[in-house]
Every structure is written in C-alpha cells, then in structure tokens.
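By written order: A, B, C, D and E. Residues from 1 in each chain.
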Amino acid sequence: SAPAEDTGSASGDFEPITDISLQLQWLPQAQFAGYYVALDKGYFEDEGFDNVDIIPSGGDIVPQDALVAGDVDFAVAWVPKVLGTLEATGAELTDIAQVFQKSGTLQVSFKGDGVADVADFEGKRIGSWGFGNEWEIFAAMAADGLDASSVSITTQDFSMNALLDGDVDAAQAMTYNEWAQILEVVNPATGKLYQPGDFDVVSYEDTEGAMLQDAIWADTARLDDPAYADAAVRFLKAVTKGWIFARDNPEEAASITYDAAVNAEAAFPVGPVHQTWQMNEVNKLIWAGGDFGLVDQAAWDKTVAGALAAVNQDGINLISGEPADSAYSNEYIKKALEELAAEGMTVGGEYTPIDVVLTEGGQ
Amino acid sequence: MIELAVNARGVGKTFPTKDGDVVALTEVELTVEAGEFVSLIGPSGCGKSTLLRLIADLDPASTGTLEIFGKPASQARVDQDYGIAFQQAGLLPWRTVAGNIALPLELHGMAKPARAARVAELAELVGLTEFVDRYPDQLSGGMQQRVAIARALAEQPRLLLMDEPFGALDEMTREYLQGELTRIAAETGAAVVFVTHSIPEAVFLSDRVVVMSPRPGRITEILSTGLDDIRDEALRESPEYFERVTAVREALHGIPVERANER
Amino acid sequence: MIELAVNARGVGKTFPTKDGDVVALTEVELTVEAGEFVSLIGPSGCGKSTLLRLIADLDPASTGTLEIFGKPASQARVDQDYGIAFQQAGLLPWRTVAGNIALPLELHGMAKPARAARVAELAELVGLTEFVDRYPDQLSGGMQQRVAIARALAEQPRLLLMDEPFGALDEMTREYLQGELTRIAAETGAAVVFVTHSIPEAVFLSDRVVVMSPRPGRITEILSTGLDDIRDEALRESPEYFERVTAVREALHGIPVERANER
Amino acid sequence: MTRQRAGIAWGALGVLAVMALWELYKALGPAEGFVVGAIAGKTGSGVMLLPRTNDRAMPHIWDMVARLFQSTSGGDTPPLIVPVVTACLTTLGIVAVGWLIGVTVGLLLGLVMQRWRLAEWGLLPWIVVSQTVPLIAFAPILASIGSQVDRAGSIPWPQWLSVAIIASYLAFFPVAVGVLRGLEAPDRIHLDLMRTYAAGYWQTLLSLRLPAAVPHLLPALRLAAASAVVGAVVAEVSIGMRGGIGRMLIQLAGQGSSDPAAPWGPTFGSIALGLVAAGTVALIGFGLRNYRRGEATS
Amino acid sequence: MTTTSNAVRTPPVWVRVVAPITVGVVILVIWIVAVDVVKAAPRALPSPIAITNEFVLRSGIIVEDMGITASNALIGLVAGAIVAIVLAALAATSRPVDGMLAPLVAAIAVVPIVALTPILNTMFGASSQFGRQSVAAIAAFVPVFVNVLRGLRQTRPVHRDVLRSSAATGLQTFRVLTLPTALPYLMSGLRIASSIAVIAALVAEYFGGPADGIGTAIATYAKSGRASLAFAYVAGGIAIGLVFFLVTSLLEWLVSRRKPV
C-alpha cells in the first residue's frame, strides 16, 4: 500500500514522525485486537511508522494521564473518564476516533433476585470495579431518579466471585470479558456451565446511562503541529485497517492478539476461546452500522448528559460543565477513512457475529 | 539417718565448645547434711560456680547423680527447696530494690501486705532500708550484691546456695552479714553451700571447707573445722581458728603455690 | 615540683533522683603524684566508684575542680592518659578473650602483629593463655575479671584506675597479681588509684591509703604507709605492715563499728 | 546440626499441618461460611467468622498443585509453573536491588537519628508517616519522573528501577526504626568503656553500637526483605511493569471465577520468592551468630 | 530512663514538638516551591495549597471515610498484635512451635496484599469490612511477631537463672522477665505495625469490599484526574498514621524501662 509521503495529508514542510507509542487502558487482550493486528500485519509500517510501542496498563497508570504527561503519543481510554480528567486538570485532549460505538457494560444478577432493571437497584448491593468504571451506573440511576446513596456499592475485584458467592446482588461485567467468565463457570445446580438464561442482565447501552467507551485520544495542543496531525491520521489509518481485519477475520485477530500477549508481552491472558469470544463481542460494539471511529454527535451528547447527571456516593459529580469543543474531532478519522476508502476498503457497516462456544475455565 | 541436703555422687560437668570439650567438673563426691554449713574454696575457674549451678539445677550434670533432700535436683528446684545468690547480682533493672527483693515472694504468691513487711525486714537486714525505692543502676556495686543476698534469703529456704555473696563488701559490712548469715542459718536450720575466696571467711562460717582444684575442676580435700556453734568476734581471735585457717591455706596452696611461682 | 597525676579540689557529686538529690561525694581533696599508688577504701556506697568515674571523666563532677596531669579530666580522657578496670568486668560478649584484651589497642590503631604479641603477653600475665579464644560467657567470674584487668593494662597508661579488680579472685591469684601490679606500676612509673575492700591489700600495695565514709561520701583520713618500695612475701609478715593494717582498720571502723553494733 | 535438621522437620510439619487443616476444614466446614449477626432476609448482612469452603474460595490443594503443571493460558503455552518461576526470578532481581537501596537508606537514617536526638525528633514521625502514603499516590508520579528522565536521554531509567525504588520505599522503614533502637541498645558499662578509650563516634559505632544492634538489626533486615517483596509486587502492578510476578498475579486473579486454582500459582510464586529473600537474611543472621551470644534458645 | 554522660545530649523537651513541625514545614515549602513556583513536579503531584482547599471543601466525606479506614486499621492492628504476641510467646517457649510457625510466618510476611485481599474477600465475603480488617491484622502481625520473638530471646542468662532458680512457672517468667525484656522490641514492632496496618487497610480497599474508605476514594480520584482531591484523602491517611504513631510513642514512653547496669 501507499507509503507515508503519498498520503498527502500535509504540505510536507515537516519531518514525518516515525516512532509513536500508544497507551492502552488494560492488559493485552482482544479488546485491543485492532492495534495488535496492525502491528502484526505491518499496517503501521505501511503508514510510515518504524516503531510503534503499544503499552499495556493494568495498574495505576491512567492512559489519559500518561498522554497528558507526554509519556505516550496516543491513548485508548473511556470517554467519561477522560472528560472527568479534562475538567479536573484543565488539560486538553481530543477524541480523534471513537472505536467503540456502544457501551459494553452490563449489570448482571441471578434470575429471581429481582434486579432486572435500573429501578430495581434501590436498596441493593451493586458491584462495580470503581475507579471511574462506576459512572454509567450513577448516570443510569440518576435518570431513574435514584440517588447514589440508595444503593450500597461494593468494589469488585478482578474476578466475578462476588456475584457467584452472593456478596453483591448485581455485578458489573463487560460483555466481552466478565460476562464470558461467568458463563465459563459450572452451575452447581445443573453440573453444566451457567447459561445466559440463569441471569438478569441490565445492559447500560439500553439505559440513559450509556456512555461512550474505548476511544483514541490525542494531545489537543500537539494537533496544531502538522507533523503530529499527520501522524494521527496515518496512525488512525493503520488502526482502522487492523480493526477491519478483526471484523473480517475475528478468529485470526483473536489469535494474533493472544500470541502477542503470550509472546511479546509475557502476559498471561485468558485462554484462546475466551479471546475469540471477546473479539466477537468487541466487534459488535465497534461495527454498529456507521463508519469506523466516527464520533456520533447524539451518543456524545448522551455521554455528556450522563456525566453531568451522575453523582457518586461521595456526592461528587463526574463533570459540572460541558466539555470544551476540542474534546472530540472527526477531522482526523474522516481523513483516514477517506484515504482508506480510496484504497478500496469497506470502512463501515454491521458485523456478522460468529458462534463462540465457551468452555469451562476459558482455556 | 540424717537427711542429706545435697548428695552428689560422681558428678561431672563438661561443656562442649568449638575447640573440643571443656571438663569443668569431674568426679565430685559431696554430701551436705541438713543444717550444715559448707564452703567451697579454690582457685579461679576450678568449677565452684559450676557445681553450685548443678545443685540449683540451672545446668544438667553430665555424669553422676545429684540429689537434693533425697530428690532429683530438678524436683528440688520446682519445690523451691533452696535460695540462691549469684556471683553477679542479676537484678532486674526495671524493678526497684524492693521489687527485686520481693520477686520470689511475688512469684510464689505471697499476699501483698505480708510481702511488704518481709521486704522491709530484709532491706533492714542488708542495710538498705533507705534505698528500697531506688533502681539497680542507682546503687553501688556492694549495694546491688546486698539486694541479691536479701532476695536469696527472702523465703527462708532449707538450702542456701551462695556464690561469693560478700565479695564486693567492705570488711565491716561483710563481718556483720557473716554474723547474720550464721544466725539465720542456725535459726532456720538451713544448710548452706557457700563459695568464697576468703580462707578466714570459709573457716569462720563453715562446719566443713571443701577445697577444689582446677583443670579439671575437682574436690581435692574436705576439711572439718570442728569449731563449735558460736561464731563471734572472740572466735576470730582464737588459736583453733588460726590453726584451721592455716590448714585450709595449706590444702589450697599445695599445688597452686608452685604453679604461681613457676611464672 | 612533682607532676600530679590526680588533683581534686573540693570535688563533689550529686545525683538527681525522683526523691531528691543524692549526695554521693562531697568536698573531696585528693592529690595523687605521678607514680604514686593510692588505695581507696571505705564501706559499701561511700562513693569510691563514683570518685573513680569522675577521675575517668565518665561523669562530670558537680562541684570543685579536677585535674589529671595538669589538665581537665575530659582532656586526659581524650589523651588516653589512663587505663581503667571497672567493678564489673564489662566484656563485650561477641568478642573472644583476645578480642576483648585487644580492644583498646585496636581502637588506638596498633598494628596487627604488635597487637597479637601484646595480647599474648597480657593473657600470659593474667594466666589465661589457654583461654584466648573463648567467649566471655564461657569463662568463670574470676576469669572475666582477669580479662578486664589485662585490658586495663594493655596500653601501659600513666594512670591506672582500678575498681576492686581482685574482688573475685582467689588468694593465690590475687597475691600473684598484686605482685605483678606493683611491678608493672614501678616499671612504667604509673600512678594507680585502687579501690579495694581488703585492708591488707590496700596496705600492701599502697603508698597512701584513702579512707572514705558514706552519707555523704567523703574522705575521712589519708594514711601514708611509709613502707619501702619492695613488696614481697616478707613484707606481708613484717611488723610495720601489721601496724599499718591496724591503723587503717581503726581509721575505717571509727564510726562504722558503732553503726554495725546498733542493729 | 541436628538442631537445624529438627528445625526443618518441624517447619515441614507446620506446612503439612496447615495443608491438612485446609483440607479438613474444606471437608467439614459450612459451604457458605459461618455468619453471626445476619439479619433474616437481608443477604450479606452479619459478620462471617468462618470462611466459605466452596472451590472458588478454597480450591483443593491438589487442584492448586495440578494447576501448576497445566498450560498457563491454554493453547500451547507452557505449564503454569514455568512462567511463574521466570516471573519470580525477574522480580527477585528487582527485590534485591530494592532491598539494598532500602537497607542503605534505612541504615543512614537510623545512624543520623541515633547520632542527633534532634534529627530523631524531627524525622522519625515523618518516616513513620511516610509509610501511610499509599503506593497508588506516588507510584504513577515516580513512573512519570522515571520515564521523563529516561526520555531526556542522559541517564537511563528503566521501568524496573522505578519498581525497585518503590520496593525500597517500603524496605527502608523497618531498617531505620530497627537501627535506631539497636544503636541505643549497648549496656551502659560498655558505653562507659568506650568513653574511657576516648573512642570517637565511628569507633564506638563499629566496635560497640553496631555489634550490640545485631539483635535489633536482624528482624529489621528480615522485615525489609519481606517488605521489598511486597513492595516490588505491588509496584509492578501499580506501574504496569511487564515480566514480573505482580503482573501475573492480577492477570490470573482476573480468571479467579472460572479457573480458581490459577491465581494460586503466582501467589505461591510470590511466597516462594519471599521465602528465598527471608532465607538469605537468615543466612546473614547465622553468620552473625557470635553477636547473639546469650540469646535464649529455649 | 536515666541519662548518663554518654547519652546523646538531649535538647529541651519543647524541641520535641517543634522539631517535627519544622521538618514538616520545610517539606511543605519545598513541595510548594517545586509545584507552584518552579512547576517542576509531575502533574500527578498537586500543590499542598490545592490539597488543603480540597480537604477543607470535602472535609465531611473525608473524615467519614477516615473513620472507616482507621477503624479497620485499628481492629486489624489490635487483633494482629495480640495474635502475634501470643504466638511469639509460644514460639519462644517451645521449639516445635517455633519450627512449625517459622515457615508459615515467613510466608505470611511476603504474601502481597494484591494476592491476599481477593482471596480473603472470596473466603469471607466481599460485602463486609472483614477482609480489610484481616489484611490489616496480617500485615500488623508480621512485624510484631518477628520483633517480639527476637525480643523474647534477649533475656540475660543471669536473669533467666534467677527466675529458674525461683522455680518460676513459664507464665511467671514470661510476665516478670521475658516480657519486660522484650518490651522495647515489642514497641519497635508495634511502631512499625501501626503504620503498616494503616497502609494495609487502605490498600486492601482497592481490591474489593464496600466502596468506602480512604483507599477507594484515593484510587477513584487519582484515576479521574482529581489529584488534589486524591491527595486530600492521602492527607487523611497520613493523619490516621500520625495518630497511630503518637499513640504508640505514648505507649513506648509509658513502658520505657531501665537499661541493664
């Protein structure tokens, strides 16, 4: 495909950036398949990058903070968390590509426990990982007229044991991760794996609390630098190609990610079946009908509205005012998509899910 | 038959060290009758303290058998048949003089008022009435030793083990306490095993003097003083007394004299 | 004018305690000439150790002035003008006998071979050659004291301060070490301030005997022995010697006799 | 010698006893634990005094062991024990560096505080308080400083150095406190003795205070080793370092529901790691046994 | 405690209060200069002034959360210390117990909180504070145990002989001799344990349990860019640590004992 100079995205009076780094918000897994595929398939090299460093998190390193500090060039982070940071610190970041078009957050409870709806939360023990992952809950509750103090929030650890042991009435789960984990556990009553039908599931996507999640963020001020802006577009092109590959070859993409995690990262990801499940679910969130990565004004506004409405158990708002206009921009992703379309790629549409059969333990 | 306070048969003690075993004591045959006053005397390092520690069941004997009032040493210790004053005072630094004297009484559950009375009595005995509230680090060396003596006497034991108790005392205090000790021993009928370096002291106090010799530590001679029971100032001037002192000195210096002169 | 090893003028020492001040020493006037042997004698708690500690600059005097070789005590300490043996041995438990004796030599930078030779010599002097590799907890009480004596002698100081150094030693060893001490003092011209409870020892060793008395601790009398320089066995039998012993005993017991009898 | 062998035997017995207790309780204990003060109808009320025994809470010991020899994360990944050992070795290296830094700093602080009472009064409260600053508050700050220094180019600052520094942050504390107490431990007579030798501060320190401090120092060093391990593991998690046992721990913890035996692998790994660290310190203690003469050994 | 001429010269007592405050002020000034004046500090490190503002503004909720974390830490500290003293006493008197405990304690000492908390939460339920209290207890247990066990072995041979010759029972020896000897060691241990218990209770909050307490808040706000609020909570944690420190110092002062002569 086309070398960097041919993209013509800038007047050319700058030295093109060839080394970039991307900060993820968690450990390597299919949630980030597009980036690992782009790396594996050489899409970044195609776009003129010699070195692309994909940095997993999984600790106290906050992607948007790393980006603000200049430790990385781009970061993947949830929109509401970044909005909170932007307002609190006064820093400026721009969402240059909205990878996930839909929210993948669920609140899962055992059938019969009476937590089928957000309105049922009142008086219940609601699980959440906390640390910024709880805002959708509060936004959804606010829309239903519930106050944060009307539930007792329990911090979930990394596993789903809190739900299985009845320590919470409803646990937070991502469609592409924890939900599968539950379904990989044997139901003692039947001796077989738990089935989706055993649970009541509140999907935040269907509530007023839905918020935009994985987005690619760039440093707003640096975007004025033509070299950085150019790199952003090239970066998005490569990433988009990665995600397109993942859309079309979910199983291979999952295995590329899994291999990258196991080999290059010396990480210990959940097994291959689980990764395929995750790839499948992530694709559903990305390919929602429109073009890849475009920020949908309505979804953005809903996110902002939710963020304004959400009040946590300390009585603190996520944000108190509208974010700056610079908080998102479709300019770069549009340019990237145009160029890709010109290269003959299908940059939008729906994803046709595959069937993934979970196994015990997810191996 | 008179009950034996101490009955040691073939007692020996060996300390293992990294350069081989040290024989501190070997083949000790010693009996002390109830109410008898026996002194141990001998050059530095001849095993006097070791023997006392064996009797007190502070170390186990390596060989031989040791009976205290007809029972094993360990039993006698548990039954508190003896009181002991160590070569070092061994006072607990965080307790006052009174607290240190009271220690054994407290351990054996004497009621508080009785204890206070007894402590006062003992403090008076060793001349430390004014110092009962002091801590050991505020005492002179001799005072500390006197506290240790008071502590050993606290329970009026049937057997008193004393390791150079008067070593750090001036002549006056020493003679006074010698007198008190014989009085107490006589009154309570206690047997005493008394380590000293002073030949006159040994003779003045004892019914028998056990002379020991080092390398390996052993008993070389046991001398009866044959003095009658009254130990007073007159005795210190009497010819029998001087005679005994000379006898002990000879027994003691038989070999060591040469050794000292060799150098 | 002969240089003074110790020159105490109106020296006193008061310890503050929670029940008020304790006057341990008051109005001490004492001079010790270079090369002179002075003994301190007195009942338990009369301030002998305290006086020694003041001379050694271990505690500051509360009143009066104290000069050692014409300089303040603190300076003399820094200049290492004295060696000291405490009432307790005070050996470092993690050092062997040799290591303990070598300590001052090591601290003052004596080279290793010279040190080893000196340590061997000192161990021989106190009769512990076989024990140089032992640790203090493996020694008898008297042996520990001898290690402490060897340590004090290690650097051949101009002034020796000794607090009952022979207290835990048997008569033979004691007499032998008395002889050695006078020899060493004479050879090196060292002044000695020597605390003892033994009147004969004080008389035998000293040029002058300082008699002290307690409550408050003070000097009551200073007696010259007037004996000539040869201290040998013959001296112990001589009439002058007995005469001096009696004189010191009288000076010492003037008041205490009554006190002891009061009880 | 026999004494040491007996020690090992008793130690093994202790471990076996705990394992037996675990299985015994698992077999006999209530599956949902023993709760007191529960309010009827209100799930999760009350205080649980005895733990649950289900397989998620308490996997069988043999399952935990067997898991070690099964593939780490499916596919053709090596048995779990292999990455556990590699990760432990990586972390051990970092722990060693952290421990050394921590001990050095702690020693210096202890020395300064013992030398000048004023320094003790001024510093000690803050040293104690420093330990209540959670890693999460400063780990990212340190990581950020590290990456900035590294990026500046002149001084390399790899990520593991940040981890080692955080480990030393926990390790220096027991050493500082232990050294301070230990240096005050000599008997008065020994201090007097050194004074009579006009021994200077350093001489007294080397010949008396440090040797006498050994009984205080040994537990401090041991605690420092344990703290360094904990600190390194937590720091790895916190700043997201790859390759160490900490990262592995949280990754496998994420699978705790569906694969409950898996997280025990790295947990045992980190324990083994700590034991190696503590064992090394115990060797130091053995080397210093002459400084513990007279210590009661029951 | 007696002072000898050898003791480091003791400054007047008021210095005891002024010295730490001075050091604190110096730290603060350096901090303020670095953050507000030179602007050399990383973004995650907010200015003390901003922290104070946040603290004042949110003092209500901060104090509430402090109460939760402090009580968890306290319960853990007390429970851990008591268990540690009892077990150390057993280990000091019985070699088998010592041998059996040694590897277990060594293991407990090094289980990281990250690993421990999820296990305890799963075993004891994630909806109560119990998991955090146990984590604090275990964290406090280790330094107390290690120090006390060492301290219990520091009795002097001559003192042991005194007690033995008095046929003191094990318990009596413990009370009269062993414990007083070990007290300074216990105090070192407690002093270490008190701050470790606080940090353990706090860090345990990250890994599950009710969404309250200082640790939860620090993590939440540190990750949402509210560094000053997060540090206001950190200040709350420090305040808890200071109180614990002062209390253990007071204890130490109360039991300070005489040195052997």
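Everything below uses one rule, namely that a contact is a pair of C-beta atoms (placed from the backbone, for glycine too) under 8 Å apart; a residue touches a chain by one contact, two chains touch by 3 or more.
Listed by chain with UniProt protein names: B, C = NitT/TauT family transport system ATP-binding protein; D, E = NitT/TauT family transport system permease protein.
Since the model is a prediction, treat every value here as computed from it, not as a measurement.
Novice: Which chains contact both subunit B and subunit D?
Specialist: The shared contacts of subunit B and subunit D, listed by label, come to C, E.
Novice: By mean C-alpha position, what chain is farthest away from subunit B?
Specialist: The most distant chain relative to subunit B turns out to be A.
Novice: Tally the contacting C-beta pairs at the A-E interface and at the D-E interface, and name the larger one.
Specialist: D-E
Novice: For subunit A and subunit D, let me know how many angstrom lie between their CA-based centres, rounded off.
Specialist: The answer is 36 Å.
Novice: Round to the nearest whole Å and give the separation of the Cα centres of subunit C and subunit E.
Specialist: Result: the chain centres lie 49 Å from each other.
Novice: Hey, how far is the Cα centre of subunit A from the one of subunit B, in Å?
Specialist: 86
Novice: Cα centroid separation between subunit B and subunit C, in whole Å?
Specialist: Chain centroid spacing, subunit B to subunit C, equals 27 Å.
Novice: Show the residues in subunit A shared as contacts by 2 or more other chains, in ascending order.
Specialist: Each of 60, 62, 65, 69, 125, 157-159, 161, 165, 167-168 in subunit A touches at least two other chains.
Novice: Show the residues in subunit C shared as contacts by 2 or more other chains, in ascending order.
Specialist: Expected reply: 58, 88, 137.
Novice: Scan subunit D for residues touching two or more other chains and write them down.
Specialist: Answer for subunit D, listing residues that touch two or more other chains: 44, 52, 56-57, 135-136, 140, 144, 148, 187-189, 192, 195, 237, 250, 253, 256, 294.
Novice: Would you tell me which residues of subunit E are touching subunit A in their complex?
Specialist: It is residues 42-44, 58, 61, 117-118, 121-122, 125-127, 205-212, 216-217, 219-220, 222-227, 229 of subunit E that touch subunit A.
Novice: Which bits of subunit E are touching subunit B when the two form their complex?
Specialist: Answer in residue numbers: 2, 156, 158-159, 161-168, 172, 176-177, 180, 257-261.
Novice: Once bound in the complex, which stretches of subunit D touch subunit A?
Specialist: Within the complex, subunit D touches subunit A at residues 43-44, 52, 54, 56-57, 71-75, 77, 83, 86-87, 135-136, 139-140, 143-144, 147-148, 151, 236-240, 242-243, 247-248, 250-259.
Novice: Subunit C touches which residues of subunit B in the complex?
Specialist: The touching residues are 15, 17, 19, 22, 41-45, 48-50, 87-88, 133-134, 138-143, 146, 163-164, 167-176, 197-199, 249, 252-253, 256-257, 259-260, 263.
Novice: Quick one: which bits of subunit D touch subunit C in the complex? Just the residue numbers, please.
Specialist: Touch residues, subunit D against subunit C: 187, 189-190, 192-199, 203, 207-208, 211, 214, 290-291, 293-294.
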